[in-house]
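To start, the structure itself, in structure tokens.
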Amino acid sequence: MTINWLQAAILGLFACLCSNSCMAGQAVGNYTIGRPLVGGLVCGIVLGNLQLGIACGVAMQLVYIALVTPGGTVSADVRAISYIGIPLAMVAISSQGLNPLGGSAANLAKSVGTLVGTVGTVLYYAVATMNLVWQSFGWKDVHNGKLDKLTAVNFGWPWVSHALFSFLPTMLLTYYGATAVTALQTALPMDGIAMKTLFTVGGMLPCVGIAILLRQIIGRVVDFIPFFVGFTLAASLHLNLVSVTVVSLMFAVIVYELEMSRGSKPTNGTTADGPSDENAEEDI
Amino acid sequence: MENTNNSHTLDHKTLTKSFHRWFWGALTCFSQEHMQTFGYMASMLPILRKLYPKHEDQVKAIKAYTAFFNTNPMLGTVIVGITASMEQARANGKEIDGETINDMRAGLMGPIAGIGDSLIDGTLIPILLGISLGMSSGGSPLGAIFYIVAWVLIAYFGQRFLYFRGYRFGGQAVSFLVGKQGAAVRHAIGIVGSMVVGGVLASWVNVTTSLKLYGSNGKVFLNLQDKLNSIYPGLLTVLITLFCWWLMTKKHVSAIWTMLILVVISLIGVLLGFFNPGLSY
Amino acid sequence: MTINWLQAAILGLFACLCSNSCMAGQAVGNYTIGRPLVGGLVCGIVLGNLQLGIACGVAMQLVYIALVTPGGTVSADVRAISYIGIPLAMVAISSQGLNPLGGSAANLAKSVGTLVGTVGTVLYYAVATMNLVWQSFGWKDVHNGKLDKLTAVNFGWPWVSHALFSFLPTMLLTYYGATAVTALQTALPMDGIAMKTLFTVGGMLPCVGIAILLRQIIGRVVDFIPFFVGFTLAASLHLNLVSVTVVSLMFAVIVYELEMSRGSKPTNGTTADGPSDENAEEDI
Amino acid sequence: MENTNNSHTLDHKTLTKSFHRWFWGALTCFSQEHMQTFGYMASMLPILRKLYPKHEDQVKAIKAYTAFFNTNPMLGTVIVGITASMEQARANGKEIDGETINDMRAGLMGPIAGIGDSLIDGTLIPILLGISLGMSSGGSPLGAIFYIVAWVLIAYFGQRFLYFRGYRFGGQAVSFLVGKQGAAVRHAIGIVGSMVVGGVLASWVNVTTSLKLYGSNGKVFLNLQDKLNSIYPGLLTVLITLFCWWLMTKKHVSAIWTMLILVVISLIGVLLGFFNPGLSY
Amino acid sequence: MTINWLQAAILGLFACLCSNSCMAGQAVGNYTIGRPLVGGLVCGIVLGNLQLGIACGVAMQLVYIALVTPGGTVSADVRAISYIGIPLAMVAISSQGLNPLGGSAANLAKSVGTLVGTVGTVLYYAVATMNLVWQSFGWKDVHNGKLDKLTAVNFGWPWVSHALFSFLPTMLLTYYGATAVTALQTALPMDGIAMKTLFTVGGMLPCVGIAILLRQIIGRVVDFIPFFVGFTLAASLHLNLVSVTVVSLMFAVIVYELEMSRGSKPTNGTTADGPSDENAEEDI
Amino acid sequence: MENTNNSHTLDHKTLTKSFHRWFWGALTCFSQEHMQTFGYMASMLPILRKLYPKHEDQVKAIKAYTAFFNTNPMLGTVIVGITASMEQARANGKEIDGETINDMRAGLMGPIAGIGDSLIDGTLIPILLGISLGMSSGGSPLGAIFYIVAWVLIAYFGQRFLYFRGYRFGGQAVSFLVGKQGAAVRHAIGIVGSMVVGGVLASWVNVTTSLKLYGSNGKVFLNLQDKLNSIYPGLLTVLITLFCWWLMTKKHVSAIWTMLILVVISLIGVLLGFFNPGLSY
């Protein structure tokens, strides 16, 4: 399998569309086009091997299933994973003649994905930083009352950031990457320290994502309890996520009712204000 | 501004345009400094153009939206809708000024970012992806297609609903988040979020040790992973996660540095034979 | 296996005793004699093949495990299932020489049961409708002060309804049914559309029963949550019903305490009435 | 009526007779129009005969019981017991009239029907049958016998207990259902009922699809049931049930019509190869 | 395997250190040295067969995993189990040439453990009773103001109780027990009534310990519910204890919040005292 | 006593000595009559010697500790710490007398015995042992060593923490057990305790019947244990436990007699072929 300039350019274009700050919007770009599962579909079509593309996408998606980016804190970049990682992994797997659905292929895909995903955060911050330039244009426009130009600031100029830091790197890396990947495979054998470390890190990366989320959720130490219960249900009882959600709803309702029954205390405290308040409460 | 004119109403087309601008452009011109500020301004432009015929009024009005803004772009849609209705009230001479609008925006963007990130990124997306991954095992495109359709429909119509709910009910649209029921709803959502995040961690992340000690007879004498599982299934996974949480929350280490620390841990673990992902071509 | 007139008459008698409005009372008639599990025992004894009777009863009982009849809404009739369905299934199975404990025998039993169970609702409504006649006698008796006759209205006359719509159909259908069943088997082969549809419906029928129950239980949408939790516990974790009940009790106690702690608010509202009230509450 | 006579007390024999009449006859003369009315009257007759020696008083008294009545016949026994004690009070000249009695009956029959049907038919019977079915697998009569003994004992002594509790405590016998604790108890019972009904559905009902798509190489390419299970085990079962619930509750379709709709769905499903019960002789 | 006087004496010494009232303190003596798991380690080292010692300890520990001794109520004595039972079991197993890790060895160990554990309660009560003598010394000392002697009463004299009822019995039983055990095995064959009964009782003994605990925990009948839930989680779902604990914490937090929200009612009742109280509450 | 002297403070060394005496000696001189009384006196001696230089004051002071005392020796450490601080206050002339001290001791020893026994013996130890047993299967000393280290560290530092917490905060140290939050905390702990005890019972105790009935063809016709499991897994285990509980709680049978009753039951069961532990050499 090789990648020609046209294919590389198409991949570069998709790279512009996704990531956290991207040209296709959050819902469609970041959450849809950017996710490795969808990236696998796209790369599979573009490179003409749907099954291999999907298989690589599934393998990589598994590692980044709960990617969170609160306040723009990005632990791995979806554009690099999906549109640099998947194509390169596909090339590597087919050049090695591996069974696309086998475990070795998935391992290879994951290690490539981990590598470019972490590296890709550079691209992410580069784009966001370059956007400061267009934003400075925007401030001037606001100051000068040229509101019509704001649309270009928000929707137009950022294409330049992406041309430089999404399109070009993706196109070049996927076009020239085939050789690089082969070289890499020789330089960094799968059973060598580097690859083992890389892949061990890859397996741990989602922990960072989850930890970022936990930072938002956990206030007091008791807040860990539902987290651990969910973990236990899935780890020890092998409940799937929909089932975990169902069980969690039971507790959610209880906690809601509990808070509501307590929430009335302040109101009780104001009973002196008059009986009308009280009656309102009794109606609930 | 023409405080006396009382007849400015936003038509459906203008609102839809504003919503679409947010839907597509909330983060297109993102920077670490201003984050979603420009996305917000861009989506308010159609509103301001409609409400204030005079250019100078538009320029005056946009000032309120130059303040820093960042929230979860999905749930945050409701805030954009609310400002649309507040702006309309302001144009009609109600006692609302830019500061009121900004107080509301600043007050809501925090909780909605927290709830949204954990609900969308941490709960909904992993569930959807989990379902879809199952469908795509074996290289079938089915799962990917299912994911695209399901998510885009949810996202588009969900956000649209939130935008118009925000417009119609103004501050009341989120009263269930900040009003009397506020704590209760957020606490309940937090329970679901936490449990599902725990479930996601256990379902999809699996940090294991490969450490095995062999007795003199060559038989395995200690399989550490088995022992750890008998203590608590998934122990290492949960410990690494808590360690990252501790680094970031209690030691204020950044996400990037946390990852680098994991690299070091992995390297040492690999060298000691504690970690071995069992790779092979 | 054949069914003689005496056997058919005994089965007809049992048919009178059970069903929702029946001559042996709810507890003994409807819930005991009527249930296919017990029906299998009775039919097994009457027809002289206990094991086959029980096996058929078990197969059919599985389909109608949660039969509910709120307000006389009957989705399948136990008299027809147990005393027409089981005997006919027994005849069919033994005439085919099937192993009574095998899966094919159970399948055959279920399909016969589904067929007569649904058809049997006609018998049910016929009995209930004919009872209107005796009730009209009763109104007259009440009006004329002849209270002594009420006993006959409630316990005596309805035997006539059953003679017509339970005894006769059961006796005739079981006596002549053997031939009919054989004919049916030829006419409607197991792998034909009709039988497949019938059996698919049979598998879904309990959903109607559960749905009827849900209609009573579910007020607001959150009321679905415990239902789904119970479903999840059994479907995903394979908890049996006693275990599900144990877990549900935990939540029941919490909900009870929750309601009680909230239920006291109106009392708080009346604190102005005097301190005695309050003290009473503090004792709780 | 002899309002002055204060000494009417019901003896145990009369009460037992009344209870037995309800136990055996609550639904013997059932019709869609009057439901359990005649069963009720029949079981009140011994009471009235005892309390009112004069025939005319009996006739006057029975009028209260000609009103429509229907409830769960098991739990409802407590209502019959309560009316026995109310009737006694009325005979003794207490300020109770037929209307009071009927208000009580009308007020209680609804909630007790709901609780009883879900608790007895939906919870207790499936549990008992489930246990017994296991014992009777393999054609053993053990399960059937166990079921008969267990249920008849529970039903007879349970109802007897309820009747006499109703008689002794009057309205207080059900104060836990309608009084202060009312909502709490009913809510708690509802939780148990709902969860067990969910468990019953999952344990005993299993709607599955047989749809399998084959790839060009003849290998199974999509096993729909497996995919559905990976989303949520038992998905089809629960969907069909919700569909029936929706038809009956939201579209007010009757049970019979709901079943006919299921027939149509099954037929189409069988024709499309979606359903296949896998029957064979 | 034989046990010489020195070994027997060391075992006797360890017997003094453990049990409920013991010379090495509760934490170290009763909960550490006394437990069969640790006893197996000690006996293994002393008798020179670590693996066999541990295997016996594990087998016996399984039976006494939740030994509770509220108010000095002892259902089995750890000193006898660990330092008489384990050594004798080791001798018996190795004299029979059984595989130390096999099921028969474990069975034998359990039956010896059960036997001496129950018998050992006599030793326990003997020590505690003899301590009354030293306590009577103590009362005199307190009365006479000789406080310095109290230390000897608490830490010194009880060694005499142990010398008589822990050291001697253990030393003698382990030294002479080897022959006894062999005799016992002939007299009471494993498939005889006595041994079967003994071992059946052994399997039930932990129930007594749990029941003693339940007596403390269970006030009202609803208190059984969490006990049953825990039982169900472990018995039906095979959750391990850490996982059960995690799940229980979820309920514990809910119950805590529930009580707290209710606990505030009395405070509400005192609102008349002044607004300051109220504000304090609202801050919570 | 020198009520005027206000400067008695206990130094860290004295407190540590007192703690160690409790840690090692709480139950060394145990009897059914006085239980932990002497252990308590022994651990208060260093405190009294320090606070009251005069021998006669020491003798007076020790009287408070001659009262009966018994509690869970682990959690109970906090009580010893509290009395240290109360004694110090008394020595400094605060309005505290022996009675106050004894009321506190008597009031706390009960609840702390209950909580401690169920939390330590019933919850913590079985969890630790359970983990360790898994590690020691196969005859490895690992589990035993892990247990020793883990437990001794928890016990020593845990009790030390409790002692000093008791000393520092006095009665407030246990305010969460007896104060406003008291019932709530104890109830919550009770839930954890009960559930874990249930889990311990199910995990480690397994009473089974060996009763099997054979049909005429020699095939097993009834495997009672299987039937019981299908009713409720672990049924016999739980029934025997409830039976013991009932004997001891409702019939006030002592533990020893309960065990003897179990012997009788076992013997009968063995003779009837209901129990058979399946022993063999």
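Letters are used for the chains, namely A, B, C, D, E and F, taken in the order the chains are written, and counting of residues starts over at 1 for each.
As a working rule, a residue touches a chain if its C-beta (ideal position, glycine included) is under 8 Å from a C-beta of that chain, and two chains touch if they have at least 3 such contacts.
Each chain and its UniProt protein: B, D, F = PTS system mannose/fructose/sorbose family transporter subunit IID.
These numbers were taken from a predicted model, which means no experiment stands behind them.
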{"item": "Touching both chain C and chain E (chains)", "value": "A, F"}
{"item": "Chain D reached from chain C - shortest hop count over touching chains", "value": "1"}
{"item": "Selected from C-D, A-D or C-F, interface repeating E-F by over half of its contact pairs", "value": "C-D"}
{"item": "Chain centre separation in whole Å, for chain F relative to chain B (CA means)", "value": "48"}
{"item": "Inter-chain centre distance, chain B versus chain E - centres from mean C-alpha coordinates, in Å", "value": "52"}
{"item": "Interface hub residues of chain B, defined as touching at least two other chains", "value": "131, 138, 140, 230-231, 233"}
{"item": "Of all residues in chain A, the ones touching two or more other chains", "value": "226, 228-229, 231-232, 236-237, 239-240, 242-243, 247, 249, 251, 253-255, 257-258, 260-261, 268, 271"}
{"item": "Pairwise chain contacts under the document criterion", "value": "A-B, A-C, A-D, A-E, B-D, B-E, B-F, C-D, C-E, C-F, D-F, E-F"}
{"item": "Residue ranges of chain A touching chain E (in the complex, touch as defined)", "value": "222, 225-226, 228-229, 231-232, 236-237, 251, 254-255, 258, 261-262, 265-266, 268-269, 271"}
{"item": "Touch list for chain A against partner chain B, complex", "value": "20-28, 30-32, 35, 37-38, 40-41, 44, 50-52, 54-55, 57-58, 61-62, 65-75, 96, 98, 100-101, 104, 107-108, 111, 118, 121, 125, 128-129, 131-132, 134-135, 138-139, 142, 145, 147, 150-151, 153-155, 157-158, 185, 190-191, 193, 195-197, 199-201, 203-208, 210-218, 223, 226-236, 239-242, 244-245, 247-249, 251-253, 255-260, 263"}
{"item": "Of all residues in chain F, those that touch chain D in their complex", "value": "221-222, 227, 230-231"}
{"item": "Contact footprint of chain F on chain C as seen in their complex", "value": "240, 242-243"}
{"item": "Residues of chain D defined as touching chain F within the complex", "value": "131, 134-135, 138, 140, 142"}
